[in-house]
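You will see two complexes here that share subunit A, one where it goes with subunit B and one where it goes with subunit C.
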Partner chain A sequence: MRYRGIALLTALALVALAMQRGLAEGHWALTWPQGWQLPFADWLNAVFRFLSEFEFAGSGTGRDLTRLAVPLFEMPTDLLSNLFFEGFTSGFGANKQVLFPPLSWLALTVGVVLSCYRVGGVKLATLGAATAAYLLVFGLWSSAMLTMAQLAVAVPIGLVVGLLMGVWVWRSPRIRPGVLLALDQLQTIPIFAYLVPVVVFFGLGVAPAIIVTVIFALPTMVRTTVVGLEEAARTTGELAVSIGCNKRQALWKVVLPTAQDMLRVGLNQVVMLSFSSVIIASLVGAGGLGYDVLVALRRLAIGRGLEAGFAITLMAITLNSFLQHYSTGRVAGLAALGSRQFLALIGALVLGLTLLSLVLPWLAVFPEQLVLSTGPFFDNVIEWVNLNLYSITDGVKTALLIYLFLPLKHLLTSLPWLVVVLAVTIAGYLVGGVKRGLFLGGLTLLIAASGLWHKAMLTVYLCAVAVSFSALVGIPTGIWAGRSRNVARIVMPIIDTLQTLPAFVYLIPAIMLFGTGDFPSFVAIVAYSISPAIRYAELGIRTVPEHLREAGVQFGCRPFQRLWMIELPAAAPQILLGLNRTIMLGLSMLIVTALIGTDDLGQETVTALAKVDAGRGLAAGFAVAFIAIIADRLVGGLAERKSQPQRAGMTAAGAD
Partner chain B sequence: MGSKEKSRFTFTRRLVGAAALAASMAIGIGLPVASAQAEVPESNDPIRISLHDWTGSVFTSTLAARILGEMGYNVELIPIDAAAVNSALESGDITFQTEAWTSVHPEVAGLIAEGRYTNVGETGLVGMDRWWYPAYVEDLCPGLPDYTALNDCASVFATAETGDKGRLLLYSADWGGNDDERVASLGLNYQIVRVGSEAALLAEVQSAVQRQAPILAWLYEPHWAPVKFDGRYVELPPYTEECAASGRYDCEKPSGPILKLAWNGMADKWPAAFAAMQKFTLSNREYGEVIQQVDLDGVPMDDVVDAWMAENTDRWSAWIAQ
Partner chain C sequence: MSTFAKTEGRAPRSPPGPDPIITVRHLWKLYGARADSFAKSRATPPGDAEISERHLFAAVRDVSFDVHEGETLVVMGLSGSGKSTLLRCVSNLITPSFGEVVVEGCDLMRASRAELVQLRRYKMGMVFQHYALLPHRTVLENVALPLEIRGEPKASREARALEMIDLVSLSDKAASYPAGLSGGQQQRVGIARSLAVDPDIWFLDEPFSALDPLIRRELQDEFIRLQKIVRKTILFVTHDFDEAIRLANRIAIMQNGRIVQIGTPEELVLHPADDYVASFTEHVNLTQVVTVGSVMVADRGAVAGPGAVRSSARLGDVAEQIMGQSMPVCVIDDGGRPVGTISQQTVLKMLLDRAKTG
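Presenting the complex of A and B:
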């Protein structure tokens, strides 16, 4: 089987070479003829116009109907932002009057620190206090509160909807492939592609920002839930039934609690991904820290951009640790108080300090004398590196460009479409049978027919290089971290930072040192997509059942054999999920690489956005999603075939 | 800097203070602020003004919001990407945009002509974009700023990616400019490299200037970069209408007025606000000064807007007088 596949693909490569030599430039087998192009953009525009303007039996247009949902998102967010930093007011403009002041910064800080202390003890309280102090001292309080008000709505929606959808999908195996496929599309389609539809259907401001955030964070939660439940159901086996649970009890009392480690990874990812979409949300009216970063960077105020960027990271890390501790249900501090008494204490403190702020102005607005800025410090650091180390960074970049990036780019963009379609079909057939082969080949054919072939191949080239790098470095790192607590303690905060620090913050310095073009794009994709590769591999290795490890020791396995023959196969589902997430996140970074300057599908969605051409943007977006599906099904399928028998054997042994 | 972050979105809160200030000034010059509010605002629905990520836009949008606030309107500043604003103006999600740069947004004229949104008039600001190089490059390429010297210096501006061609660094394709045609018809041995965003382009320029390396890039005015970096514009044949009409574009780019745009329904729903915004104009000089103060001297935007309001009371009072 394997040799037949290799033979087929080699033959195909020779055919490609022969075609390039033998056929005239512009031959239909090399480049898709213009006359055959299918007007996907026009079709999508027609559907979109129909949905937004069609009158639904007297109840208004489709657009009016979706806008009815806007208050659902706006009201809680407005309430929170009034509470956090705007205050409650009446009247407008010059007639405005404050009815009730916003919560004092000190009140909120005290509330956060005490809650952290109760849930996670001194360590977490210190983290909470440090985050609050950081926001105050760098003058980011109001922006941070606005961001927090929106994420306080977006994160729970992402979690709850994600969990429920995950349970639903897990319970209905028949719809599972379809739903997971659709969800992957949601995450990989560059946000610019559906920004126009979102703005048309939901307007500007909080509602579209939250929707965009949830769309981005939800798929990971669903997928993680499904995999977690599958694993849990396998390990608990017939236990729930044998102790007399009905289906619902089995789910909520046995399977879900067993899956909690995996669910906590889902929780982490929802928080991290929600915070990482803060910048993009500010493109549709969200404001807050994301907007601060954009403004600072357009002024090349790198220090300011970093300050605002790290604020996003710190808040994400704090919220994540708080929720991780909270989800365990343990009480670490102030245990003498019941939860009602504790809430009453917090309430009293917050209200008291806020009322006090009416009298003491320094409680209402953080004293400006105490506000600091790193000022030009970081700009000077970058300048120093630029002046003294440029020859090295430029040398590295040029070498990589000449020996790796440019040849690969040339190879991929010059392949005849016919050969690529055939290659994908054969590869699909080899890893997943006739059906998968035809399906993936069909998707490739659609990309060719859309007229976006060249841009699509540029996308494949850049993502393939970056994602391969992420996987090759990330998975071993994750395995190492899974076997050593000390390594994990160093690696995990780093990848949390990489995932939430807005890419643009470190990209501007990267552009200064490496120039624009493919290299900083590569850096951006790797930095973002390496995180799940590490995280899921670490989880997989760490949660290998102890009895399997012991069995290995008893059989006399050496450590390396134990890793290779027992731990890796047992952790395969998680590692594969990590690989899937890495590919998806890599493709989702196209939106950022478009801002650096590329000529791929991401850029196409940006251009379409400027021209208010929803169809054109969506067509490019779907092309990205198709690439994601093809990559996932090929790589995932290959790995599945390799690990399936061993894993099944292992877990069967484990369950017995 | 800190207070700027705090107040960008909470400027309405500060209006209480600003209103007190304005009221005291109004009494001083005998302006009937209170009586004007009898019929205005016509509606308490929010007038949504777009806020973009360049400093000038933060200034003009904040200023417009402040002025409409003086009239008693409910104003919201909505941060939004400049590319996404077109569809939002059409649907009414954005009521008013203070700055539409026709020099770099060629689609605006077409969308106005199609009646997708209303042209409220020129801001009095004029956008100009050119090919720029740092002054020290003239040592390496003595023929500059005349464009005919460019071909001799192609190797000076060349990079690993462009080979023996010079590199011309431009904004992304949706900023227009017809530079592909220009480079071809002027017979320049240069390869155009496009960046995806202004921040990326400025990062390249700053990096080159720090290292005193040659660079040829698109900059525009009014902007802080030509103020901060010592440099000159390449001199191309002067702009004529026939050079653009011929499709050859072998001349300078035309300067483009910066327009104010509004949702088509604004004039009916808030006539007084619309009238005030029609009169709202600034000059390149004062706009340039503001950018310099904020971006280069680090003055908080709020202080700059406060100062402008205090110094120009006569002007904005006339705009809002009915």
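Presenting the complex of A and C:
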């Protein structure tokens, strides 16, 4: 099987070579003819036009209706931002009168720290205090409060809607596999692609920002809910029916409580994803910390960008940790107070300090002279880098570009589409049977037909280079960490931090060291996507069953033999899963790097956003998603096969 | 475990009451593609040829039996024999394809959803092989769950739950979570939960199969003790023949979806219907199963001396007493009237396990 596959693919490569030599430039088998192109973007735009201009009987067009929903998102957000940092006012300009001041920074800080202490003890309280102090000292308080006000609306919506949709999907076994598959695909469509349609329907401002955030976080919540409920239903089995539960009781009393660990994972995911979409949401007018990062990025203000980016991460970690503790329902500190008394205490403190701020100005606004900035420091760093490291970084960059990047770029973009379609089909067939081969080949064909072929191949090229590098460095590092506790102790915290930073933040050092273009994109993608390669490899090696390892020692394996013949094969499915995750993260980071000048599908979505061309953006988005699906089915399929070789044929056939 | 269980570690042998609580007639369960719609489309079960032609699989085929009030019927079979499917058909956790199931006069095949829910909330209790305890509820909350579901107020359901927890000797664990309990303790919680609603009918699906042998034995004793107190009508599924022998009033042996033999443990051991049944019974210690009455020589004129033994006693319990005499010993019924004699030779035969060859 394997040799047949290698032979087939080699033959195909020879055919490709022959075609390039033998066929005239512009032959239909080399480049997809203009006349055959399917105008996906136009079709999508027609759908959007129809939806937005369709007259619903007497109540206006579709767009009018969606615009009506805007206040639903704006009002609670405005209320919260008034409360947090703007204050309640009436009138405008000179007539402006303060009805009620914003909550004092000290009041909020005290409230947060006390709540953290009650829910999670000293450790969480310290984290809360550190976060508040960080925001204050770096002058990010009002940005952070604006971001908080929006997320305080977006996160609950994402949670509740996700939970309800999850329950609905779980209860409809017929559509469940289809919906789960669709959700996985949704996650691979770059978020840029959603932005344009959202703007078409909801305009710019807070409402589309919240909607984009929810859309981004929703698929994961739904998926986690469904998986959690399935698992809980398996453990509780026939219990609910056998004790005479009705449908509602079975869900709320038996299955949902049993699924609570998984739901907590969903909560974590919603919080983390909502925070990580803060920057993208600021592209449609969210303001806040995301906007700070974006502006810093455009102005190349490294220090400011890192400060704001790290603030997002810090807030995400704190909020997530708070919610995780809170959801267990345990009380860690101030246990003497009942929950009502505790709330009253917090309320009184916050109100008292805020009223005091009317008299004491330093309570209203954090004193200016205490605010720091790392801006000058980073300016110095850049200057130093430019003076001292430029020759090295530039040398590395140039060498890699000339000997690796450009040849590969040329090779991939000049491949005849027909050969690529066949190659993907054959690879799909080898991994998962005829059905999967045809499915993946069909997706490739669609990309060719969309007229985005060249941009798609540029995407594949940059992603392939970066992911290969991530894998080459990450997997051995992970294996090493899996075999040595000391290495793990150093490596794991680093990748934990790497993973929680918002994707955009990676652009900053990349630009700083390497300017713009393919190479800094490569660096940013590697930094963002290397974590899962390391993490899964470490996990795979660490969880090799002890009896296998013992058997190896008993056979008289040397350490290297043990690694090669026992541990690696046993860990292979995990390592492949990590590779799969790395590809997915690489693709999503690739889109973000469009902001620093690439020429691929990511750029296409960004351009579409600038031109408010929803169809074009979505068409490019789908092309990215198709590439992601193809990679996922090929690599994921290999992982499946490795983990259950005896059933490979069945699962592969059933998976599509 | 109490000494009480040690001396009488065996199911009560009182004759079953006259009224069947559960009546099962010609029960079938088919599996396979579109098995349910196929079953609905016809009134009578298909023949073997049609089943294989449609690639169906009959997990339960043409099963009929009764369970009487206060009786423990143990369904015993190897994995894949259809015993668990049978139990689920009777409790209507899965819908049978053909046949009739009547529980306390209620025809389950025609019962509405609401009737079934009422039946489950008030009449049926079930114990699962893998306990099915909710991990985020304490023992108390787990046991109170069925009462909560049927809407009982907190105070009364907790009082009842505590009573049940006390019954299974876990009072000190009421506030623990399932993860902190051993397997045996978890199944005690499962038993307490199933009894919390005070059901008339008790379903147990391989309740002790996931436990270590010693704990299994301990819980079997516990089961016997509980049954003496609660007197439920029981359908008990197991793959362990020794367990069946210990706990059953009657045993139904299943193979390939059919009941190949149904009878008291003694009947099964002394007169196995076929080689398959015999393969289970041949290793059973006869003296633990066979009663004096079934191997004595009937003789109403025998003289009841001081060394007389009861006909309902098991040979193992009186063997020493009989072997201590030099002459055949008189057998009396529960009223003390002489019904026959038993010779030392018979006892010896049984002790040497030669009943079936002899």
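Going forward, the second predicted complex is superposed on the first by the 455 of 656 C-alpha atoms of A that agree within 3 Å, B and C clash if a C-alpha of one lies under 4 Å from a C-alpha of the other, contacts with A are read in each partner's own complex, and residues count from 1 in each chain.
Everything that follows uses one rule, which is that a residue touches a chain if its C-beta (ideal position, glycine included) is under 8 Å from a C-beta of that chain, and two chains touch if they have at least 3 such contacts.
Computed from a prediction, not measured in an experiment: that's the story for all the values here.
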First (subunit B), second (subunit C), both or neither touched by A:238: second
Partner contacting more residues of subunit A (subunit B vs subunit C): B
Partner chain in contact with A:220 - subunit B first, subunit C second, else both or neither: neither
Contacts of A:97 with subunit B and subunit C, given as first, second, both or neither: first
Partner chain(s) touched by A:260 [first = subunit B, second = subunit C, both, neither]: second
Partner chain(s) touched by A:246 [first = subunit B, second = subunit C, both, neither]: second
Contacts of A:321 with subunit B and subunit C, given as first, second, both or neither: neither
Contact residues common to both interfaces of subunit A (with subunit B and with subunit C): none
Interfacial residue positions of subunit A with respect to subunit C in the complex: 235-239, 241-246, 249, 253-254, 257-258, 260
Subunit B residues within the subunit A interface of the complex: 1-3, 5-10, 12-13, 15-16, 19, 22-23, 33, 37, 41, 44, 48, 51, 53-55, 58, 68-76, 78-81, 83-84, 86-88, 90-91, 93-94, 105, 107, 111, 159-161, 169, 172-174, 193-204, 206-207, 210-211, 224, 295
Subunit B-touching residues of subunit A, taken from the complex the two chains share: 85-87, 89, 92-98, 138-143, 146, 195-196, 199-200, 203-205, 282-288, 291-292, 294-295, 297-301, 304, 365, 368, 371, 373, 383, 386-387, 390, 398, 401-402, 504, 507-509, 511-513, 515-517, 593-599, 603, 606-607, 609-612
Residues on subunit C engaged by subunit A in the complex (per definition of touch): 88, 91, 93, 116-122, 124, 126, 128, 130, 132, 134-137, 145-146, 148-150, 197, 203
